[in-house]
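This report concerns only the one structure given below.
Chain naming follows the written order as A, B and C, and within any one chain the residues start at number 1.
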Amino acid sequence: MKIRRIVALAYKEWREILRDRLFFALAFVVPASLMLIFGYGLTLDVEHIPFAVVDHDKSAMSRDYLHRYIDSRYFDYKGDVASEREIEPLLADSRIRLAIVIPPRFQENLMSGRAVEVQTLIDGTFPFRTSSSKGYVVAINAAFNGELLGSYISRRLGVSAETAKAMAQPVGVQLRYLYNQEVKSVWSIAAVLMMFVLMITPPFLTALGVVREKENVSIYNIYASTVTRGEFLIGKLAPYVAISVINFLILWLMATQLFGAPFKGDPLFFLLASVIYVTCTTGIGLLVSLFVRTQVAAMMLTVIVTIVPSVLYSGLLVPIASMDAAGQFEAHLFPAMYYTDIVLGSFLKGVGLEQLWGKVLALLIYAVGLWTASFLMFHKRPKS
Amino acid sequence: MNGDPAESRARLYLWWSRLAAMTAKELIQFGRDTLLLIAIAYLFIFDIYMAGSVSMQLNHAVVVVHDADHSAASRELVYRFRPPYFKLGGEVLDNREGQRLLDQGQALVVLDIPPDFEHDIRKGKPVDVQVQVDASNTVLGFLAASYSAQIIGQYGFDQALSRLGVTERSIQNVPMIQSQHRVWYNPNQRDAWFMPIAELLTVITIMAIMLPAAAAVREKERGTIEQLLVSPLTPIQILLPKVIAMTLVILLGTAVSLFFVLYGMFDVPMKGSLVLFFAVTTLYTFTTAGLGLYIATLSRNLAQAALLAILVLMPMIFLSGAWTPPEAMPAGMRTAMFLSPLYYFIEMGYGILLKGAGLDVLWDSLQGLALLGMVIFGFGVWRFKRQFG
Amino acid sequence: MGQAAMVGKDAPVVRVQDFVKRYRKQMAVDGASLSIDRGEIYGLIGPDGAGKSSLMKAIAGVLSFDGGTLHIFGEKIDSEAAAERVKGRLGFMPQGLGLNLYPELSVEENIDFFAELRDVPPAELAQRKHKLLAMTRLDNFRDRPMKQLSGGMKQKLGLVCTLIHEPELIILDEPTTGVDPVSRRDFWMILTQLLRERGVTALVSTAYMDEAARFHRLSLMFDGRVLIEGEPDTILREVPGALVELVAEPQVEALLRLKTRFPQAEAVGPKLRVFVPGATPQLARAQVEAQLEGLMVSEMQAVAPELEDAFIALLQQRQPAGQDDARQTQVWLDGDPPKGDGIAIAARELSRDFDHFRAVDRVSFEVRQGEIFGLLGANGAGKTTAIKMLTGILPPTGGAGTVAGADMRRAGLAIKGRIGYVSQAFSLYQDMTVQENLRLFARIYGVPGSRLAERIGRVVALAGLSGVTAQLVSKLPMGIRQRLALACALVHGPRVLFLDEPTSGVDPIGRRRFWEILVHLARIEQVAILITTHYMSEAEHCDHLALMHAGRIIADDTPAALKAALQQEAGQVLDIGAEPVLPALEALEQAGFSDAALFGERIHLLARDITAAEARIRTLFAERGIQLRDIAPRTPTLEDVFVHRILQQEQQEASA
């Protein structure tokens, strides 16, 4: 190991990246813009659901009931329509996502102690929004029913309104949202996006960088020189790890400053764990680059190798715990899952090495494994 | 230009003959590019299939219980946390244990039932059940909280009714709202009907940009463009066949994906007119190809083109409503969405496939797409002509 | 250390025995053997795909191989570890002008990087860098990014980077391809000088036959095999035969007759060249005369054959060329060819600017029907830009021109329909078959469907492609690809043909066949041909030549007239053999022979008065104790003309 050669290699690579405008953009602009676009674009908060109303009763009570929707920040009232038939085109054209149909004699039936059926029509196109909308509707109905039942009990049993209310709702719920009290999706998305972006961009960049050298004949300078394999790999990849660490810092800043995500954990621990993670993902890029000859093939293979685990097996969209056994097993094979836990733990949960050492160890093993495999596969005297 | 009719007929024939020859050439080349064929198969089949396996539903979320009562009532409540939404992850003895499981992500919900739970209910004394939810994943956290509240609320309601002596049969005589949900278009809220469609439309977009860009850049890279430029072909005759050929390829891929993956594997209903869907897809790929042509003018090789395509595609996809519907977007973004042709395409894709909407409903989306598409295609052609004219 | 020392001085630096290299199923080198001695410049000559690069890479230790043995500095190279042991003493420059350099880095940064990679101590680096930069005249461009260098400069920088760690053996893969003759001459000069000073050994490959004289010893490679190895003179001796040059009228008839008996007969401009294998000069003349009885024959002389003749003879011994003499079919069906006196291409004061740089500067020339017009110049001299303007790809900044009777400024599309074009890089579709390519271009050029088959049949016959029509182009060798490119350019029967460096990388036989077709087209079909080339030997085929340098035409005449003018102006070429050669060169330069240049072991210079010059040289050498072995005048080659004109131009520019 000669430090001077490693430094020469790293410094050369660094200057090349900085002076190639497209590559520079890829190195620094793409990660940040991925974060920006996903962070703003992937809003999973279900709010402002546009809805319309068919009120066949038009009574004080029906208006009172409807106002619970109209006044909610979760719903966005788009107006009344005369009949059910008018709803369909509105739903079909996505002008509304939900419609409430109040039957005739709504007030009369309720006043006289009879149950009524209120129909809710929901656009099922975005299933997770549908589930959330349904949840809101159920909650509003439950509250309304509680009141109805309370006044019914009060009337029937002649007890005070207070007692009646307690009797109507014997079990209360104390809901505590841990880690993200306001359930701001951007907080968790911003955090998980760090995992995603740092999974996608370092391998992409690295694979392109190495294959570019192979595609040009400049790799022969390395082959023909006395630089050892280890020196080459370290020198060549150090800039990519460095860029990824810089990107990591930028993303961290964006998550906390731009998206306001709280950071509750230990910054030093998080930094170290993240360096291990980007070393690991850089290693993926390196390994990919040893299998392919052209930049285009490198891009395709990296996308396939990285997107699948980072979307499916990272806990980004599907929680690992709710996967079937095979899925859970696969998830444990990819590094993304471990880092997701580290990011969420550090950002929202405020836990550190004590809780997360196992995940860090897994990443470390991964990184060492990838780099060792690459080292063994890289030859200065290849077959072709 | 106003020669005799026979001559202009011959000229027209020659124009079409050149176009046909070039289109055939593009298709031959496409068929011999193994790497590209694999990529296309991957995207149109495997990628869509994968998207169908992504679920954003609460599915067997682990609930751990701290039951300080251990009564029949508490057991009944706990019993209500069951699949498909929840799955009991066992009992913990104290709150700290529950906290630890949440910290490590081994449980999503900790249900805390206070002592004297049954006793208090009997007495008519209000009692609170504590639910702690890991909200670090907001979608799941929110759903878990919402379902837990529903379950507990319903439990309380049932308890109240039973104390009043209300039975199944007499329930009609209690003044209450019986909520009737009807979920349209995707009654079981299957994610597999949602994500694969969004993904297919996204893949179509990627291909509509990448394939013509690749076909054009490859000519630059290999120098074959020169041979075409010295020939009597006009720039339009060079670029149009690429767009036509690639549109055909994309339509074929779409058909495979639609019939074998969406319909064959996920039972996506395909309510609307398939003719309309393919017509819209044709319009979309054709016009979006303009962006590919533009990218081709900017790049010297395929790798550069792919990088540029990524830069162009990202905002397009995320302003499209593929993941987030427009009403959930911040106001500024919502305006910007009108600039993404994919927005209109997604709107129409869902409209036709899931909602069974026809032209009457989708007319304004179609207009938007046609207008925007025309501008994009015109721009691409203009750039191409300027570089190769 | 120990082992290398034990080998001693006389053991070869490189010894290759029965070397075999395969890529998957494809055989690249099939049993090559050679040995390279210390201090010599060893040449590998052969066309693209002959196996030169594979062999050189294996010697450089950057490619594993499948059979045979390889010793370098006495070390047996049979593993990666063994290769590593000798790499410190090697320098390797891979193929492709400047491709191994880093385009974003400056000249100095490139050199520094190579030095650091090779552990050159900083003090020595500064010293060597200074010297090498001065020698290559790159010192004024230290801070310029490599991507902005000209071809010649890239090549020199590549050489500097390869030499910065002072290797004992340097391996240079086609260092001179695509470089202008002046830079090439410089390059050889620097190389020779360095090798002599340090006793370095060099292995150099080239596709130019005429560079053979630069090597001490060489191997001719073809199709993965070494055809023959040895000193250039030895090789010539081993392929006995005589070369007869003559002028005959009518040339077409004469050539046809000669070809029936001598496969190695060709038309070079107005002359015919016939190689008669195994014959003495007298016998050869007699045989040729007999063959041409009844024709007007003049200027017949027997001359020494060149290495290229020997190479082709060797190849033909191995595999007699396929006989497809359907070549004589007319390409044109409709009526007689146009009259030979029409002007097919006219350029008047054509100029083209790119940003702040003038690529073509007021260029004027004319090409007549039936004429082969050669445009010569280095990469970047403006040839390709000029052609692009005439073919209507690039609008000119100034000036005018007519092509095939149409004004290039107004009737772009009409011109495009009437010309054929073969571009610099092979630019047909490699993923399509020969037939598919031909059909495509026939339809693009508007050949009516009813005549498609017939037209394609004609060009297939003309270009000798009948055996390969169903094959993918990517599977074809370079020579056949270029004939296909020509066939595609001819499929619509154009009367004007543009060819931009059509023969780069094509083997000598392939080149010869290509020229045969061109000569046929010009002489019989009266096609006007504008061709660019950087093979000086090919320039001799042209009826008329224009030399381009830095965007301008600096000479424009027939080859014979150009040579005559050089003799008028600067005198004749003196070919000198001296010992030791480097001091001799130095002495000559000091004595005012500024254009003295090294050619392998020999020195060339121009002298107006040969006898006076010879006398001066004799006294000069006697004073300095240099032994003059021989000295003789030689007719100048076109390369001499070219180098002289460019140097003249540069001097004018410098003084202006």
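Basically, contacts are C-beta pairs under 8 Å (C-beta built on N, C-alpha and C of every residue); 3 or more make two chains touch, one makes a residue touch a chain.
Values in this document were obtained by computation on a predicted structure and should not be read as measured data.
**Student:** Farthest from chain A by Cα centre, which chain is it? Let me know.
**Tutor:** Between chain A and every other chain, the largest centroid distance is to C.
**Student:** Looking at every pair of chains, which two share the most C-beta contact pairs?
**Tutor:** Most contacting pair of chains: A-B.
**Student:** Which whole number of Å gives the spacing of the CA centres of chain A and chain C?
**Tutor:** Here the centre of chain C sits 60 Å away from the centre of chain A.
**Student:** Give, as an integer number of Å, the spacing between the C-alpha centres of chain B and chain A.
**Tutor:** 15
**Student:** Could you state the distance in Å from the CA-based centre of chain B to that of chain C?
**Tutor:** Those two chain centres are 58 Å apart.
**Student:** Across the complex, what residues on chain B touch chain C?
**Tutor:** Touching chain C: residues 14, 17-18, 20-22, 24-25, 28-29, 32-33, 222-234 of chain B.
**Student:** Any idea which chain C residues touch chain A in the complex?
**Tutor:** 23, 57, 60-64, 80, 83-84, 87-88, 90-92, 94-96, 99-102, 104-105, 109, 112-114, 116-119, 145, 161
**Student:** Given the complex with chain C, which residues does chain A contribute to the contact?
**Tutor:** By the definition above, chain A touches chain C via 2, 4-5, 7-9, 12, 15-16, 19-20, 216-218, 220-228, 379-384.
**Student:** Along chain A, where are the residues that touch chain B in the complex?
**Tutor:** By the definition above, chain A touches chain B via 22, 25-26, 29-30, 33-34, 37-38, 40-50, 65, 76, 89, 91-94, 97, 109-132, 134-139, 141-142, 144-146, 148-149, 152-153, 156, 163, 166-181, 183-185, 187-189, 191-192, 208, 212, 294-297, 299-300, 304, 308, 311-312, 315, 317-322, 341, 344-345, 347-349, 351, 355.
**Student:** Mind listing the chain C positions that touch chain B in their complex?
**Tutor:** Residues 391-393, 413, 416-417, 419, 421, 423-432, 436, 439-441, 443-446, 449, 472, 488, 498 of chain C touch chain B in their complex.
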